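To start, the structure under review is shown below, and the notes come after it.
By written order: A, B, C and D. Residues from 1 in each chain.
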Amino acid sequence: MTDTTATGRQLPDRLDNPVKSAVLSWESLLVLVALAIFIANSFASPYFLNEWSLSDMTFNFTEKALIALAMALVIITGEIDLSVASIIALASTMMGLALQYGADTPTLVAVGVGVGILCGAFNGALITGLKLPSIVVTIGTMSLFRGIAYIVLGDQSFRGYPASFSWFGQGYVFWVISFELVLFLLAAVIFYVVLHHTNFGRRVFAIGNNATAARFSGVRVDRIKFILFCLTGLMSGLAAVLLTARLGSTRPSIAQGFELEVVTMVVLGGVSILGGSGSILGVVLAALIMGLVTFGLGLLNIPGIVMSIFIGALLIVVIALPILFRMWRQRRA
Amino acid sequence: QTRIALVVKSLGNGFFDAAAKGAEEAAAEIGDIELIYTGPTAATAEAQIEVVNSLIAQQVDAIAISANDPDALVPVLQRAQQRGIKVISWDSGVAPEGRQIHLNPSENALIGETIIKLAADYLPEGGDVAILSAASTATNQNAWIEAAKAVQPEKFPNINIVATVYGDDDSVKSTEEARGLIAAYPDLKAIIAPTTVGVVAAAQVVTDQNLIGQINVTGLALPSEFKQFIDNGASQAVALWNPIDLGYSAVFLAKALVDGEEAAPGATFSIGKVGEVTLDDTNSAAMSAPFQFDASNIEEFSQIY
Amino acid sequence: MNRLLKSRELWLAVGIVAVVGLVTLRFPRFSQPGNLLTIFNDTSILMMLALGQMAVILTRSIDLSMASNLALTGMIVAMINAAMPGVPIPLLIAGAVLAGAALGAFNGILVWKLDIPPIVVTLGTLTIFRGLVFVISGGAWVNAAQMSQEFIQLQRGSFLGLPILSWFAIVVAGLVYLLMTRTPQGRAFYAIGVNPTAAVYTGIDVGRTKFLAFVLAGAISGLCGYLWISRYVIASVEVAGGYELTIIAACVIGGVSIAGGIGTVAGALLGALFLGVVNNALPVIGVSPFWQMAISGTAILVAVVLNGRSEKSKGRIILKKAEAGA
Amino acid sequence: MTDPILTLTGISKSFPGVRALHNVSLELYPGQVTALIGENGAGKSTLVKTMTGIYQADEGEIRVKGQAVSLPTAISATNAGITAIHQETVLFDELSVAENIYLGHAPRNRFGMIDWKTMRTEAQETLDSMAAGIDAGIPLKELGIAKKHLVAVARALSVDAQVVIMDEPTAALSQKEIEELYVLVELLKKEGKAILFISHKFDEIYRICDRFTVFRDGEMVGKGLIKDTPESEIVKLMVGRSVDHIFPAREAAIGETLLEVKGLSHPTEFENISFSVRKGEILGFYGLVGAGRSEVMQAVFGMTSVSGGTIVLDGKTIAPRSPADAVEAGIVYVPEERGKQGVITGETIFKNVSLPSLDKTSRGGFIRMAEEFALARTYTERLDLRASSLSQNVSTLSGGNQQKVVIAKWLATLPKVIILDEPTKGIDIGSKAAVHGFMAELVAQGLSVIMVSSELPEILGMSDRVVVMREGLMIETLENKNLQPETLVRLAAGIAEGKAA
C-alpha cells in the first residue's frame, strides 16, 4: 500500500500542528466562556458553589441537550428538525395513554422511545422520500404531532406514574449525580464517537458539505438523512421519558418552545447552520453554558426572559467574534 | 431573617402584582422578612420548575406558589420540602403531596356558584351561556367550573351552559376563543370568564362586535383592568376576591410554618388584619367570599386594585 | 390557460373556497358577507406579516424575529400611549414603523456586514427583542384601561364598510405588490433568491438587498406591533409568542419557496387567509378546539407536498417526442 | 491606426493568497476583435470582472476613449459603455426571458416604475435581431442550455455599449449556434464596437479574431496581430514552453466484453441506448453538447432511474438504484461538473479520496486515519497531484488538480469500469496531456473506460470505438479506424451527407 517510489514526491499528511489548531478552535473559545461564567456565578451568588445547586442546575438543560446531540447531526447534514418539542408532547401523551391501560415501567419507556422513533421516521420519510425542505416539513409536523396530543388529551392530564418510572427524571445514580446527567453524558460519548470516529459520521459531514457530490461519491444520502431524523425522534422520545418522569404528569402543552432552544444550543456549539461542520464537544459545552447562564442568573432571581437576552446576545457575539477577527486581520494585511 | 419566595404563574399579570403588594405589606408588618417576588414570564410549568430549582439552591425558608400545573410541580416541590423548605400554594393549588398548606381565595363551591349567579342575575328569562377559562390544566379554574356546573341544574335551571373553551390566559387565544363562541352560538346571552385575562378579552370582543346589551360578559375581573367594560355596558357585574389580602395571607401562613407551626387538618392560623383561617382535611384553607363589582362600586375599587 | 391552471395561487384560492363552501353547507351563516369580512379582518395582521416574511424568504433568508419585533414595538407604543395619551396616533404609528424598521435593520446589518446566516441572527434577536420587552416594561402589562380611546378605536373605525384594520392590510398589500413587481428593488429580491452569483453580475448588491428585505419585514412587524396591541388591548411580554412560525407557515402554504426566489404577493396573502379560514371555520362548525392544531398542521403538510410536486424539476427533456408531449 | 476605445494599464488584483493579475495592460480597438488567451487560472475572467465593475482592481487605470473611469459597480460599467457575456451564466431561471435581458437596466415609466410592456417589446426586438427564435415572455427555465446562452448574449446587446466582452461564449453552444454567433460578431464589428473574445479553441480564434493578447500566471506576456502569428507561437507564449500534444499510443490488449447495456430508456431524456465495452477498451461517446450523454452515463451509474433496459456487468445483470450500488458493482463515474458533483469542497484531499472506500480503510465501522492517509497518498501520488499536504482543502486546488482528486478517489475503489464525463473540459493544454496519458495507463491495467467528450481531437485520439448520440438517441457505433472528423460531426448534427462542415 505504501509503495510511493513512483514519483518520489511525498505529500505530508498535514501541515499545521493538530495541537495548535485545537487551541485555536471554537471549543476552546467555549471553554473560556464557560469558565468565565462559572467564575462570575461563584462571585455573584454564595449559593452557586454547592454540590446540590450544581446538580440541580443540570436539570435545566439535560433533556434539551440530549436532543441537541442528535439535532447537531441533522444540522451538520444541512437539515433541521423543528418538531422535536412536539414529538416530546406526543410521546409523553402516548406514555400517559399506555399508563391508563396499566403499562409497567419498561413498557412506558418503550412506548415513549417508540413513538419518538415513529415521529422521526415520519419526518424522515417526507423529507427524503418526497424531497421536501426539512424546515417546512417539520413546521408542519410540529403542529401535527402536538395537535394529536391535544386530540388525545384535550383538557385532561395523565398522572400517577409509578415510582420506578419517576426515577428516570428524579433519581440519582450516585451522590448528587442524577440519572438524567449520566444518561446525557453517556449519550454524548456515544454521539462523539459516532460523529467523529466512524464512517457514518464521516459521511454525515460529507453530506453537509455537498450533498450532490456525496451522492456522486456513493454515499447513500437519503438513507443517512432518514436515519438521522429517526435518531432525533429517538432522542426526543428519550427526552419525553425523562421530562414526563420529572414532571410526574403529562399535558399536551409540555415542552413548549423547546425546539428553538435546542437549535440555539447546537448553533452556539459551533455547528454551522449551513451544514458541513461542527463537533459534539462544542454542543456539550454550549449546553453547559446555557445551563450556567440560566441557573446563575436564576440564583440572582433575574427573570428567565432577561436571561434569554443574554443567551441571544451570546449566540450572535460568539458567532460574530471570529468573523470580526478575520476581517480585522484582513484589513491589517 | 426569614426569606420567603412568592412564586406566581407569570410576571406582569395585574392580579399577581396586586398580590405581591399585599405580600410586601405583610412582610413589613411581621418584620425581618426578605420577600422574593418571582415567577416565569410564560405561564408554563417547566419555566416555573426552573424558578423553584433556583429558589431551592438559594435555600429560602419558604415558598408560596400559585401553580401553573397541579401535578407537574409536585416532584420539585417535594424536593424543596426534603431540603427543609416550607411550601404552601395559594390561588392555584398543587396536589397535596407537593405542599403543606393550600390557601384558596374562597370556597371553590362558593366561587363556582358566584360566577354562574353573576350570569343568571342578569338573565331573568334564562338562556345560553358559555365559559371561557384559562389553561385547561389550571387547577382553580377547573374546580370552579365544576362547582358551577354542579349547582346549575338545581339553582339556575333556565341557564344552559353550552360550551367551555380555554384561552390559556393568553389575550390572543382568549380573544379568538371568544369570537369562536359568538360565531358558533348565535343565541349566546352571556360569557362567563373566571380569569382576569379572559374576561377582558371577552369584553373587548363584545364591545368590538357591537353586541353590548345582547351578550353580557361576566366572571372574575380585576376592577382596575375592567372598569371600562362596566362603564360601557359590556358587563353588568363581575366578582373577585381581594388579591392584596391573598398575597398578604400567603406570607403570614408561610411565616407561621417557618416558625414551626404544624399544618394539620383542623389547625388554625392567624393572619394579621385578615383574621384567621382553619385547615380542612386536605390542609386547604379558604378565605372570604368573592366580592361583587358593578356600576355602583367599580370606580372606588379600581383605585385600589 | 395552461399556465393559469398550473398556478399555485389558483389552487390555493380553490382550496379556500372549498373550505368555505363545506362549512357553509352546515352553517349557512358562515359565508354571509359579514362573516367573511370578519375573517378577512381577523387575518389582516397575519397577511401583512406574511408579506414581510416573504420579502425575506425570497432573498434566501428567514426572519425568526418578526413576532418578537412586533411584541417589542407594540410594547413601546403602548407605553408611550399610556404615559402620554396626548401623542397623536398617526405619529405613534409612524414611530412603530420606524422602530420596527430599526430592529429589522439590526438583523439586516448583521447579515449584510458580518455575513452571519440569517437564521442564526434572527434566532438570537428573537430572544433579545422579547427580552427587551420585559426590560422596558419591567414585566408589567399595559392594559386596556391605560390605553387611550383613540389608540384602541382607530383600527375599529370603518371606511366604505370595511374596518380600518382591513384597510391597513389592503394598503400594505398594494404597496408590497407595487414594490415587488414594479420596482428594481423588488425585482432584486427575486433575483438574489434565484441566483445570487448572477445577481452580483447585474449590479445588485446582495448584502444590501438582504438588508433592505429585513428592514421591510421589520417595518411591517412594527406596524403590526401597534395594530396587534390595539386590537387585543393588552401589551405584555408574551404577545405573539411563537407566532414567528405561524407567519412562515402562511408563506409556505402560499407557495413561497423556502429556497428563495419564488413567491407572489397573492400567494402569501392566500396562505395567510387559508390559515385564517381554517382557524375561524373550525370553532364555528363545532370542531373541538383540540383538533385545531392537528388540522392546521395537516394543512401545512398537504400544501408543502403539493408545492413540492409542482416545483420538482421536470428534467431537461432531450427527447423530441417527450418535448412535444410535455 | 485608430486609437483604442478601451485601455487598461498596470492593472493588478490579488485575492487572499492568490495574485490573479499583476501589472497587465490591454487595448481594445473599434471594429476589431481581440482574443484574450491563457491557461486556466491565467486571470482572464478576473480581468473581465475588473472591467465590468464586479471586482475592483488593486492598482491600475481604466480609460474609455481616453477618459479615465472608475467602475465601482456593475451599473457604472454599463454606463461607461462596457458590457459582457460572462463565463458563468448570469441568468435567473425563475424570471422571464425579457426580465433576464433587462434586469438592472429595465425601462421605467414616468412614475419610476418598471415598464413591463416596453421591456417585453424591446427584448423581443433584440432577440429577433439575433434570429434567436425565443419568445421573450416565457420563463427562462423553459429554455435549453444553448438558448439560455443566447439570452445571455441578448442581455449584453441590450445595453448600448462600445465594448463587448465575451468570456468563452461558445463553450455551451452547438455548431449551428456558434455559426450564428460568428455572424453576430461580424455585425458588431461593422458597427464599430470593440470586442474582447476569450476562448481556449484556436480554430475559432483564428477564424474571427484580429488581435491577441496572451496572459500567463496573471501577467501579460505578449500581444500582436493574429494574421502575423502562427498558433505554435501563441501556445508557447501561453504555456512558457512548446507543447506538441500527441495522444499517447495505446498498447492495451482488448479483452472480452465487460459491460453490456441494452435498450436503456428514460421517459424524457433518452431512448433505446445499447452499447458494450470490452476489457482494456476506451469507448468514446460523441455528440453535441446537450445530446444526453451525461444523462445516459448517470443512469448507468444509478443516479437517474430508467424506465427500461438492462445492464450486464461481467455476466451479471445489475440494476443500480443509487451510485452506491454502482460503485459496489464496480462502475464509477467522474462527473462533468467538478465543483458541484465531483469533489466535496470544504473537505480535505484525503477525506475526498477515502470517502467511497471508507469500508475498506475502517475496521468495524470505526475510522482508521493512518489507513486513509496511506490510501490517499498511494493514489494521489500516482496521479502526480500538486498539493502542499493531504489535509489541504480541495477547494484551494486548481481545476486540473481537483480532477485528479476525483480520479484518485475512484481508482482507490478498484473499479472495473470508469466513466469519464468531459474529463478535460476547461482544462488547459498541459493538464490535458496528463489526463490522456493517464487514461492510457488505466486501460493498460485492464480497466474499461467510457469517455464522454465534445472535442473531436480527443475522441479521435483516444477512443477505440465511438458511439454517437443526438437528441437522446443513439445514432451509430463506429470503429475508430480511419474515422473522418466530418463523419462524426455529420452524424452528431444530423446533417445529410456532403453538407458537413
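The rule is simple: contacts are C-beta pairs under 8 Å (C-beta built on N, C-alpha and C of every residue); 3 or more make two chains touch, one makes a residue touch a chain.
A quick note: this is a predicted structure, and the numbers were derived from the prediction, not measured.
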- Query: Quick one: which chain's Cα centre is the longest way from chain D's?
  - Reply: B
- Could you put a whole-Å number on the gap between the CA centroids of chain B and chain C? 36
- Message: Using mean CA coordinates as chain centres, what's the gap between chain A and chain C in Å?
- Response: 30
- Note on the structure: Chain-centre distance (mean CA atoms) for chain A and chain D, in whole Å, is 43
- Task: Averaged over CA atoms, how far is the centre of chain B from the centre of chain D? Could you give it in whole Å?
- Result: 74
- Hey, what residues on chain D touch two or more of the other chains? none
- Of all residues in chain A, which are in touch with two or more distinct other chains? 154-155, 256-257, 303, 305
- Hunt down the residues of chain B that sit against at least two other chains at once, touch-wise. 11, 41-42, 166
- Task: Return all touching chain pairs.
- Result: A-B, A-C, A-D, B-C, C-D
- Message: Going by the contact rule set out above, which residues of chain A touch chain B in the complex?
- Response: 45, 47-48, 50, 52-53, 56-57, 59-60, 154-157, 159, 166, 169-170, 243, 246-249, 251, 253-257, 294-295, 298-299, 301, 303-305
- Task: Over in the complex, which chain A residues touch chain D? Could you list them?
- Result: 1-4, 6-7, 9-16, 193, 197-203, 205-206, 209-210, 212-220, 276-277, 330
- Where on chain C does chain D make contact in their complex? 178, 181-184, 187, 190-191, 194-195, 197-205, 261-262, 314-320, 322-323, 326
- Message: Per the contact definition, I'd like the list of chain D residues that touch chain A in the complex.
- Response: 16, 303, 322-324, 326-328, 333, 335, 340-347, 350-352, 355-356, 358-359, 362, 365-367, 373-375, 377-378, 380-382, 384-385, 387-392, 409, 413
- Query: Given the complex with chain C, which residues does chain B contribute to the contact?
  - Reply: 10-14, 17, 41-43, 165-166, 170-172, 175-177, 179-181, 183-184, 186, 197, 200-201, 204, 208, 224-228, 302
